[in-house]
Amino acid sequence: MHELHLLSQAVLEGKEDEARSLVQNLLAMNVNPSRILNEGLIKGMDMVGEKFRAGEYYLPEVLLASKVMHSAFDILKSRFVDVGIRTRGKVVMGTVKGDLHDIGKNIVIAMLEGAGFDVVDLGVDVDSRTFVENVQEIEPHVLGMSALLTTTMPYMKEVIEELEREGLRKRVKVIVGGAPVNERFAMEIGADGYAEDAGEAVQLVRKLLDVEVG
Amino acid sequence: MHELHLLSQAVLEGKEDEARSLVQNLLAMNVNPSRILNEGLIKGMDMVGEKFRAGEYYLPEVLLASKVMHSAFDILKSRFVDVGIRTRGKVVMGTVKGDLHDIGKNIVIAMLEGAGFDVVDLGVDVDSRTFVENVQEIEPHVLGMSALLTTTMPYMKEVIEELEREGLRKRVKVIVGGAPVNERFAMEIGADGYAEDAGEAVQLVRKLLDVEVG
Amino acid sequence: MLAYSSPEEVVFGRSKHPVKCGFNVVIGDGEVIPEVNFTLPSVKVCRDNLREIRKLFRDITTRVLMKCVELSQEQVVVELEHVFEMTQDPQFGAVVTKDIKETMAEFHEKYGLRSALRVTVADIRHRTRPPRMRNGEEVEKVFESFRMCADAGADILSIESTGGKEITDRAIVEGDVEAILFVLGVMAIKDMEFLWREIVNISERFGVVPGGDTACGFANTAMQLANMGMIPRVMAALVRLASVPRSYIAVKMGAKGPLKDCGYENPAIKMLCGVPISMEGKASACAHSSPLGNIAAATCDLWSNESVQDVKLLGGDAPEVFTEILIYDCRLMNAAAKESRAFEFRDLLVASDKYLDPQALMLDPDLMYRAAQIVENVKDPYHQVVETAKLVVDTISQETKEGRLRLTDSERRWLGKLGDTVYNIPSDWSEILEHVEKRYEGFFLMEEYGLP
Amino acid sequence: MLAYSSPEEVVFGRSKHPVKCGFNVVIGDGEVIPEVNFTLPSVKVCRDNLREIRKLFRDITTRVLMKCVELSQEQVVVELEHVFEMTQDPQFGAVVTKDIKETMAEFHEKYGLRSALRVTVADIRHRTRPPRMRNGEEVEKVFESFRMCADAGADILSIESTGGKEITDRAIVEGDVEAILFVLGVMAIKDMEFLWREIVNISERFGVVPGGDTACGFANTAMQLANMGMIPRVMAALVRLASVPRSYIAVKMGAKGPLKDCGYENPAIKMLCGVPISMEGKASACAHSSPLGNIAAATCDLWSNESVQDVKLLGGDAPEVFTEILIYDCRLMNAAAKESRAFEFRDLLVASDKYLDPQALMLDPDLMYRAAQIVENVKDPYHQVVETAKLVVDTISQETKEGRLRLTDSERRWLGKLGDTVYNIPSDWSEILEHVEKRYEGFFLMEEYGLP
């Protein structure tokens, strides 16, 4: 269908107004909202993902497309109330205590959101209490921790221990990342996974949640 | 006493024949064997040690002096039978399984012997069985292990575990060394000490055995 | 007037205004000197293990200095870069400073080793979000930390300050170039003025050298993102050169150099005012990859490894290993200088990487000189930044057109975008301010930058 | 006749007989190429964790090759140096070889990266004491390992062979220079002939390149001991240059180069016969410190980091980090060559270290050339070794007398001792054999060297 194709294209090219009015047109034409979502918006994001992996797109373009998709989706949303939309999973993310680096974490969050996950960002310099409380409250499927310093990476272990003490460890998958961290360290502290970069992080979360790829 | 001074000098200069005949003269002069040992031979070795630390002597000169001392001491030995000479302590040394490097280990052995310790050399590529059996038989005060490869250093841990299984761990101090090893690793695997080089190894053994510095 | 009348006059090891400090170290007086930077292995830094931390720093310093002695290296600069906790608890940072300095004193006494200590305080102001840059506890801690470290034996004071980073961290990943230029030309400038006025004051009071600042939080962040393929390299290149006006402010406020290693914008500032500079390149691969390993050395006075944690390698602990590598890199440059071949050697360093990457191209002394001229000739920093950005776009376009620099199609596309933005940017920054206020609402506080 | 008519003609990146191998790699044809060497982190190597080991090697290789791609490095040589267990169990070494080669093939296919694989088999013959060099299980394993690795994808075969090391390991620490020269001039020669005849056979059979051998077990052992202050540096220098005749045997038996990185005796052999050589210097600080960080590069064709274990640094895993450093070192040399400044650049590399240490002095191309001439002009290897040793003593004496090289008093004293020994050494080696047989009784087996 030509309009659906135009819609994916609008997402791909980051054209917000165009995407929104295309969604409205499609609804007016009585096209099934699921179809608009899947064959229009999500298709567009898949194309963006492909271009990013091929080195043709950069993060600014991915983020823009993601914004366009969300904005256009807002129009669709009400139509799903009855059926309910299943998110791909909930993730809580933060940079550990003593560490003020947040770009890496933010990129992972953006990529996860782009891939359809719900992410709660706890920010930087997050202490174990805060991690634990948020796991308790939000009940995420995955907890992600980031550290950019050799001197803050040991803190990840403390958080995991705190989760254990509180009996929460088995309810959540824990993943870690950041410059000084590697797989070996992740295994040593008892994490469930390690990701080298943002792309890997998305794969990892998918794998841990056994979610099928796009 | 002039002759005693000449004896230390002969040790210092690595003159075997001279040292031996000086010992004989001193005995003939009825000088107390303990005095010959302490004020002649050991004094000479101390001078050698000083020169080595100051960078004036090298290992070949230390080894030669040590050889002269032992040769001269052989003449004295019988005079000590009654009183019995206490060695400073027994040490068992080896390079661990899979590792064929032996120079570092040999230097440590030479330095320990020079410092008055009894050392049994198990050679290279030594498996845990052999270490354990020798600890059992020889009952050394210290067991020293050397590894020059990242891939053989894990073996040190196995030996320590084997010692524990056999109930021998508490009867012997375990020290480790070699290029990929450091203090942190030594502590992790439960060793009693780590030495950066041969000089430190001697200090370490002394400290562990609480032997006063010569 | 620039300190040099042509880029051809600027070379490694020699600056117009050498800095003398520490135990008889003279920086920029004819010899490139290694600046060794190290950090802890994976241990927690807190009062509980202060003893362990202190021992670690003493040990690392001892090994680094011993390596200098072994390899007949006569001068060395050591950098202590605070981790968060050391500035947060100024007493902590000061005690480590003192330990390191004492170790250096021992080596000076025993071996005649000439050494100086740079202490880089952590900019913990961005701990609060939005950051409180001028008021509140964090900024007090930062200044207190400078004072206590100066008192404890620091010879050179530095910081990688972050004024405006709360915006650029987002603007860079979103490709909001207008906001980036606004930050570099307005907010960062105001913050640098505020911060360095006081650092220079403190330095004068304690008789230490106010070193310099770096745009690390902007340009090196961009470089890392470009390395990962997250943003275009041409954009990282633009952020790089557009950082010159910002980092120059430290010197305008009284900093004397050596400027800090990770400031790849340093050569332009050396050209502007003759201060010695520290640079990092291939020997800082331990800290981060970079597409400018050799060219970074072309005009350096200190040659640095940026940061290496204390882990064991076969040949020794990593800080020793990188000290050795730095020493030999410096020996080679100094051998060239001794044989009167410094300029030829500099040209080889440039030729090695100039066309490897647009970011490397930024380090070409000719281009750096033109950036310095812009700062000299254009009145206000905002317009300096805009003109520098145009220079970047024009230069890359030219070099690409003439086939010397190769760019992928996506990079070319972005170069076009960048050109559109910088050539259409409002001449009055208050117009961008509106955009920034709206898009980054809640991210920053106007009053913390003295903005209306 | 030597391959070069003067030392002035010999320079990095260019050899008389370039070697083509692997995925389109040409060594010694105008460009210095990085040779990356890596080893495992602290893990046990055994059949039980074969899967983990294989994954580790694949991962490390991938990261190293990706770094080359990122930095536009077009050619690279990878070395797999067997640990003991990989030769002991030839199947084990072969499967890792295959994994690495497959990874290289993927990169060649995907990115066009040109790479070649050197496999260095462990000389496990000295596992038994006294070592059985020609008979028995170990030597069979060594040859089997060569065959299986050649079959599994190795492009270049090498070994750090140890014939006579059972004596020198003791002779060096005891300062028994006569025995050292006897080993290097007689026993090691005989063993090299035996070993390399077969390695060259195997190479021909499998169509791979017989690379070369190194006196690592002799000269680098001595260097390490000198670094630690255990033996005089002048003695280590002597062992260094006196190793030339021994390592040359590999080429005489048919090895084609690239000679192996840790053979600092390589330049003389390149001068003798024009084979390309690998060398290691400052970038091998990860494996060991050395007093010859730059001068080692003067005539190299491959530039190596010797060995680095796979541990994490901030900027990536150590093998990636050192790949980056090697790449930039090579870029700089190649930039010099491109601008027709290779010879001037070589002279700077030499000037940097020539007088830093007597061992560095040995690497001076002029001296290397004279060593090559000795090998060319003196008939038997034993006398070559003795004449080389005299050359060392004379050169160091001369340079010291003229004040260019500075030695401590203890070094001077030892230089005198060395002179006494080498100028009074028996002209007939069988006279030394008696001494060696007596002093090292039980350490070695005559028949394993074809000795009477």
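Lettered A, B, C and D in written order, each chain numbered from 1.
Definition applied: contacts are C-beta pairs under 8 Å (C-beta built on N, C-alpha and C of every residue); 3 or more make two chains touch, one makes a residue touch a chain.
Since this is a predicted model, take the numbers as computed values, not measurements.
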Quiz item: Among the remaining chains, which ones contact both chain B and chain D?
Solution: C
Quiz item: Counting C-beta pairs in contact, does A-C beat A-D or the other way around?
Solution: A-C
Self-check item: Euclidean distance of C-alpha centroids - chain C vs chain D, Å
Solution: 39
Quiz item: Hey, how far is the Cα centre of chain A from the one of chain C, in Å?
Solution: 33
Self-check item: Centre distance in Å when chain A and chain B are each reduced to the mean of their C-alpha atoms
Solution: 62
Quiz prompt | Centre-of-Cα separation between chain D and chain A, whole angstrom | solution = 51
Quiz item: Which residue numbers or ranges of chain D touch two or more of the other chains?
Solution: 39, 41, 309, 312, 314-315
Quiz prompt | Where chain B touches two or more other chains at once, by residue number | solution = 150, 180, 185
Quiz item: Linking chains that touch, what shape results: line, ring, star, complete or other?
Solution: other
Exercise. Identify every two-chain combination in which the chains touch.
Key: A-C, A-D, B-C, B-D, C-D
Quiz item: Quick one: in the complex, what on chain B touches chain D?
Solution: 55-61, 63-64, 98-100, 102-103, 106-107, 110, 123-125, 149-155, 180, 185, 197-198
Exercise. Show which residues of chain D lie in contact with chain C when the two form their complex.
Key: 39, 67, 70-72, 227, 281-289, 291, 293-294, 307-309, 311-316, 318, 320-322, 324-325, 327-329, 331-332, 334-336, 338-339, 341, 344-345, 347-349, 351-353, 356
Quiz item: Within the complex, which stretch of chain D touches chain B?
Solution: 39-45, 83-85, 124, 126-127, 129, 169-170, 172-176, 221, 225, 228-232, 309, 408-410, 414
Quiz item: Any idea which chain C residues touch chain B in the complex?
Solution: 41, 312, 314-315, 317
Practice problem: Within their complex, state which residues of chain A touch chain D. | Solution: 150, 179-182, 184-185
